[in-house]
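You will see two complexes here that share subunit A, one where it goes with subunit B and one where it goes with subunit C.
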Partner chain A sequence: MTVKVGIPRALLFHEYHLLWISFFEELGAQVIISEKTNKNIIGEGIKNTVDEACIPVKLFHGHVLNIKDKVDYLFIPRINSIFKNEHICPKFCGLPEMIKNSINDLPTIIDTEINFVKSKNSLKNTIYEIGKYFSNDYKQIMSAYDKAYLKFKNSKRIIKENPFSEVNMLNNKKIMIMGHPYNLYDPYINMDSIDKIKSMGAYVLTPEMIEDQYIFDYAKKFDGRLYWTFARKLVGTALYLIDKKNIDGIIYVSTFGCGVDSVVADIVEKLIRRKSDIPFMLVTLDEHSGEAGINTRIEAFIDMVKWRDISENNISAHG
Partner chain B sequence: MKKCYLGVDVGSVSTNVVVMDSDENIVDTLYIRTQGKPIQAVKDGLKEIESRLDKDVEILGLGTTGSGRQLASVMLGADVVKNEITAHGIAALKCVPDVNTIIEIGGQDSKIILLRNGIIHDFAMNTVCAAGTGSFLDRQAERLNIPIQEFGSLALKSKAPVRIAGRCAVFAESDMIHKQQLGHNEEDIINGLCEALVRNYLNNLGKGKDIRAPIIFQGGVSANEGIKRAFEKILEQEIIVPKYADVMGAIGACLLAKDEVSKTGKTNFLGLDVAASDFSVKSFECENCPNMCEVVEFYRDDELVARWGDKCGRWSDVKVLSKEKLA
Partner chain C sequence: MKITFPHMGNLYIALKAIFEELGVGVIPPPKCNKRTLELGTRYSPELMCMPFKITVGNYIESIENGADTLFMWGGCDVCRIGFYNTLQKDILKDLGYDIQMICVEPFESIQQIKNFLKKLKMVSGENNYLKFLTIFIKGIKLLNQVDEFEDLVNKIRPRQIIKGEVDKLYTKFEGEIKNVKGYKETLNIIKQNKEKLKKIEIDNNKDVLKIGIVGEIYTVVEPFINLELIKKLGDMGVEVHRSVTSSEFINEQIDFVPFIHSSKKEVHRAASPYLDTEVGGHARNTIGNTVLYSEKNFDGVIHLLPLTCMPEIVAQSILFTVEKEKNIPILKLVLDEMTGEAGYLTRIEAFVDLLKRRRESIFNEKMLSRS
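For the complex of A and B:
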């Protein structure tokens, strides 16, 4: 019988799903992913998580509950650092413990530590540690990873192919919606923000569409050390947009009580306001399911972006 | 026949109706409490306005705004359904054309809108928390057993400042009780609450914003002179409270409706008589997928006119489809 490995559709799944899924499949496992976030998942997540956690972590718990009884293994790596000299939100390091503490009757958890803070030399060891659950053959594990990584890289490359080109935009307003991937790509938690913006006739861009190298180079221009990987990506995105001036508005999506965003959202807002004239809005999400608040903010923001444009055209027409 | 436009602002705390003539003069305004029953409030508001209007008034168009704008639009047939920020901005520009800053404090929302050269340049709204809004003052007035209408004038009588924690309504309440037990005067405590609300507002929304004069203060809370004085004291600027400060959203909706009707040449408004219709709501939990959306069905005189609340469009599109088939 095939071994079943479960991956919760939450947190870094939204960034690395293709890598993880292909890796396990290459090793002959059947991958089971939790359903898309729904009312039941969010409800169970809130009920079964320590109170002070942020909503994305609560959602993660809900997704674990959604699949835990259907799988032999649950993939919940202890993610410490995914980049040299950079850290990740501390809640990711404690995730396996939080799950074990709050949820009973769990299958075996693959909680291998992922820590590249010193260097990526430990990568092969890490891969082997994870692969060992499914195979004893070192070579097979490594080749499975290589194949999965190629798929992952290719998909990343396709996302970045010319999203900023003029042809794509036609005459639409270009709105960057930025934030942690697990807030941007879970339409339930962000109440369909991306579709809402699109339905108002704007073209939506995300930080994932910018070349990694740009993000690196621009983040380096920031005066100070960016401790977190997320911080580098978001600050790099902001500085890139400020410099290239190829965007009509920026919406930052954050969640209530996010420690990283308490610093990063503030830095991003200050940079945009001081160094550019790009309209900016911060949207904070939490357990709320009433959509009136977010609809009003998005509508008003798009109105403002369009209104500014009309007035700028008027001014230029007069002289 | 006098030609007029109607603006309806359905907010969390108040429902406001404005009648404006085609020369953009305000004919009548109405401010009533929503009291958690927006449908009833819209009906009552419209009936009341109808009874006060001259018989020869013709309504050419309707605009709705506020968090209940979609609901009001479904009930009455709106030509324009606009968010509160744009509506407030347009109304303020009409009153004070060179306005640079709008402070708007309503029941559940507070906003700051920065305008430059007659267009909205930037805005911010309170985040997930409703601290520092009208509901906070309402709650404290209730606790002190003072009618909210007298709150502002009492604050003006204060001689000695009392500082009250303003970060959170719950913090403020415990701090206020403590100050009461110490024997401070009521008016000083009320003034302390006004200043706490203003500090909270400026910390949350005013952070990093260039608050330039002329500054307009509008929304339900602007009727409170204590808050106006606290803003003037902290910002060291003159604060303008326009004549119709409490119904500015509805005025904005009127102006937008006039604009829209002049473009389209027709109106969707169902007429003032529509207030006499019987509106009812049924809701159910859709069981077609794990989202279990709470779907609302809206009936006018037993006719299903709209459905909403579903994420997938399975229900909300039904009416549109059947209309298309009929046509």
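For the complex of A and C:
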């Protein structure tokens, strides 16, 4: 019988799912992913997490509960840093502990530490540590990783082949939705915001569509040290957009109680308001699931972006 | 040049003396008050943690009093403290204040202490590194003295026979500190008051509860943010021990220097079955110290954290297990700018009552099992 590995569909799954899934599959394990976020998952998550945690962490708990009885292993790595000299939110570092202490009757947890803060030299070790659960063959583990990584990288390229230049040709309004990947790509938590905007005839872009190198270069121009990977990515995105001016509106999707966003959303908003006239809106999500409010705000925002063309140019300078 | 710094409990006593030794004019911010918080809240990002907001308030109030240089404790932790100076610089610039900022990185190596000294040089115009070093050591000594004094206050307060005597002394002490200058005079005042404190009549046979305080450092040491929790508990007849203090924090940072000792290793050892890695902030200390308190037979633990504090949320979810396994009651208090004092007081009183009952019942059990 094959071994079953469970991966909760939450947090960094949304960024690395292809890498993780194909790595485990290459090693001959059966990968089981939790269901798409639904009312039950979110409810269970809220019930089983400390009150003060942010909604993405609560969701993670919900997803763990969703699959924990169906698998032999749960993949909850302790992600400390995924980039040199950069960190990730402290809650990610303590995630295995949070799960172990909040949820009972868990299968074996693969809680290998992923920490590249000093250098990426430990990468092979980290991969081996994770692969060890499924195979004793060092070479097999490495080749599984290489294959998975290739797949992951290619998929990234597919997203990037939506270059901004092509978007420029479209007559539609271009709206950038920025935020953490786990807020953007989980339609349940952001109440389908992306589709809603698309259905209003606007073209939706996300930070993942910008070349990493651009983000990196622009983030360097920021005056201050950006030591969170998310902070670098989002501030870099904002500076890129301000400089290129090829966007009609920016919506920042944040969650209540997010420590990273309390800083980053503020920096991004101030940058945009000071250095450009791009319309900006901050949407903060929490456990409430009232959809009407968010609909109104998105509609109003898109309408305003559209009306700018007609109205703003016609205002007489003499009043 | 007039230098100022943010408040963090009694840290100002040591900082003030250090800068005076360096020959710099010092304007300590007014004691944290409602206006400090209001100013800070008005100009800070909405979902920022409370220490940030109060610090902003401190800066504005000192600048109003004439300060032109800010000294701040920066740092690069996993938590958002590393962004404090970037954002605060921006906020103050936005408000139109023309000020100089000196930010200190945490001490991880001898090199960083050198950097710190270099910055001090910039402030004081003094050139002699040896002098800096002696002043720096003096500062650490003062800090330790102040915290020792504070610990003594917490020990004596629940046992005093005439209620309010300790607080009277403490208020007088704060006034005296304001009027002295430099290391020697400050140290003298602390020593004198310590002697006076020891003379206060106490009831040695009083049966006092012991509560340990763990959590985020700012919420533990700054009486304004925790609504004078320690004093309130003392008045209820509870002896309070703070696990994180400014002196302990600095000692932990520089304990690679031979003559400095900290309890870091012990705390980390105690925390290791639950959390064996650094997740930023004081999460590891929170876990470790809670375990240590239970080993030292404390009656209970109070866990303080500002709303949305990331490391302490991790700690909090682990504390549930510690509470069960070590059989020690824990009260969690989350602090933000909306904290209403009455509700807060009720919770503390209820907790203390429970601890009293618990102690009685344990005592009775022992009596019964003996007969």
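Simple rule for what comes next: the second predicted complex is superposed on the first by the 305 of 319 C-alpha atoms of A that agree within 3 Å, B and C clash if a C-alpha of one lies under 4 Å from a C-alpha of the other, contacts with A are read in each partner's own complex, and residues count from 1 in each chain.
Definition applied: contacts are C-beta pairs under 8 Å (C-beta built on N, C-alpha and C of every residue); 3 or more make two chains touch, one makes a residue touch a chain.
Bear in mind that the values here come from a model prediction, so they are computed numbers and not experimental data.
**Student:** Do subunit B and subunit C fit side by side on subunit A in the superposed arrangement, or is it a clash?
**Tutor:** With subunit A aligned, subunit B clears subunit C, so fit.
**Student:** What is the contact status of A:Lys270 with respect to subunit B (first) and subunit C (second): first, second, both, or neither?
**Tutor:** After superposing on A, A:Lys270 lies in contact with both subunit B and subunit C.
**Student:** Please state, to the nearest 10 degrees, the angle that the Cα centres of subunit B and subunit C subtend at the Cα centre of subunit A after superposition.
**Tutor:** The three centres form an angle at subunit A of 80 degrees.
**Student:** Counting only touches as set out at the top, which of subunit B and subunit C does A:Glu35 meet: first, second, both, neither?
**Tutor:** A:Glu35 sits against subunit B, while subunit C stays out of touch.
**Student:** Is A:Ser135 contacted by the first partner subunit B, the second partner subunit C, both or neither?
**Tutor:** neither
**Student:** Where does A:Asp192 make contact in the superposed view: on subunit B (first), on subunit C (second), on both, or on neither?
**Tutor:** After superposition on chain A, A:Asp192 lies in contact with subunit B alone.
**Student:** Give one of first, second, both or neither to describe whether A:Cys89 is in contact with subunit B, with subunit C, with both, or with none.
**Tutor:** It touches subunit C, and subunit B stays clear.
**Student:** I'd like to know which partner A:Cys258 touches here: subunit B for first, subunit C for second, both or neither.
**Tutor:** Only subunit C; A:Cys258 stays clear of subunit B.
**Student:** Touch test for A:Thr206: subunit B only (first), subunit C only (second), both, or neither?
**Tutor:** So A:Thr206 meets neither subunit B nor subunit C here.
**Student:** Looking at A:Glu299, would you say it contacts subunit B, subunit C, both, or neither? Reply first, second, both or neither.
**Tutor:** Only subunit B is touched by A:Glu299; subunit C is not.
**Student:** Tell me which partner A:Ser122 touches in the superposition: subunit B (first), subunit C (second), both or neither.
**Tutor:** Neither subunit B nor subunit C is touched by A:Ser122.
**Student:** Measuring by CA atoms in the overlay, how small does the subunit B-subunit C distance get, in Å?
**Tutor:** 5
**Student:** If you lay the two complexes on top of each other, which residues of subunit A touch subunit B in one and subunit C in the other?
**Tutor:** Residues 256, 270, 284, which sit in both footprints.
**Student:** For the complex, which residues does subunit A have touching subunit C?
**Tutor:** 49-50, 52-54, 57, 78, 80, 87-91, 93-94, 97-98, 101-102, 113, 223-225, 227, 231, 256-263, 265-267, 270, 284
**Student:** If you look only at subunit C, which of its residues touch subunit A in the complex?
**Tutor:** 45-49, 76, 78-80, 82-83, 85-87, 90, 274-275, 277-281, 283, 305, 307-311, 313-318, 320-321, 334
**Student:** Can you list the residues on subunit A that touch subunit B in the complex?
**Tutor:** On the subunit A side, the touching residues are 35, 38-41, 188, 192, 256, 269-270, 273, 279-282, 284-286, 288, 292-293, 295-297, 299-301, 303-304, 307-308, 311.
**Student:** In their complex, what parts of subunit B are in touch with subunit A?
**Tutor:** 67, 82-86, 117-125, 127-128, 208, 289-293, 311
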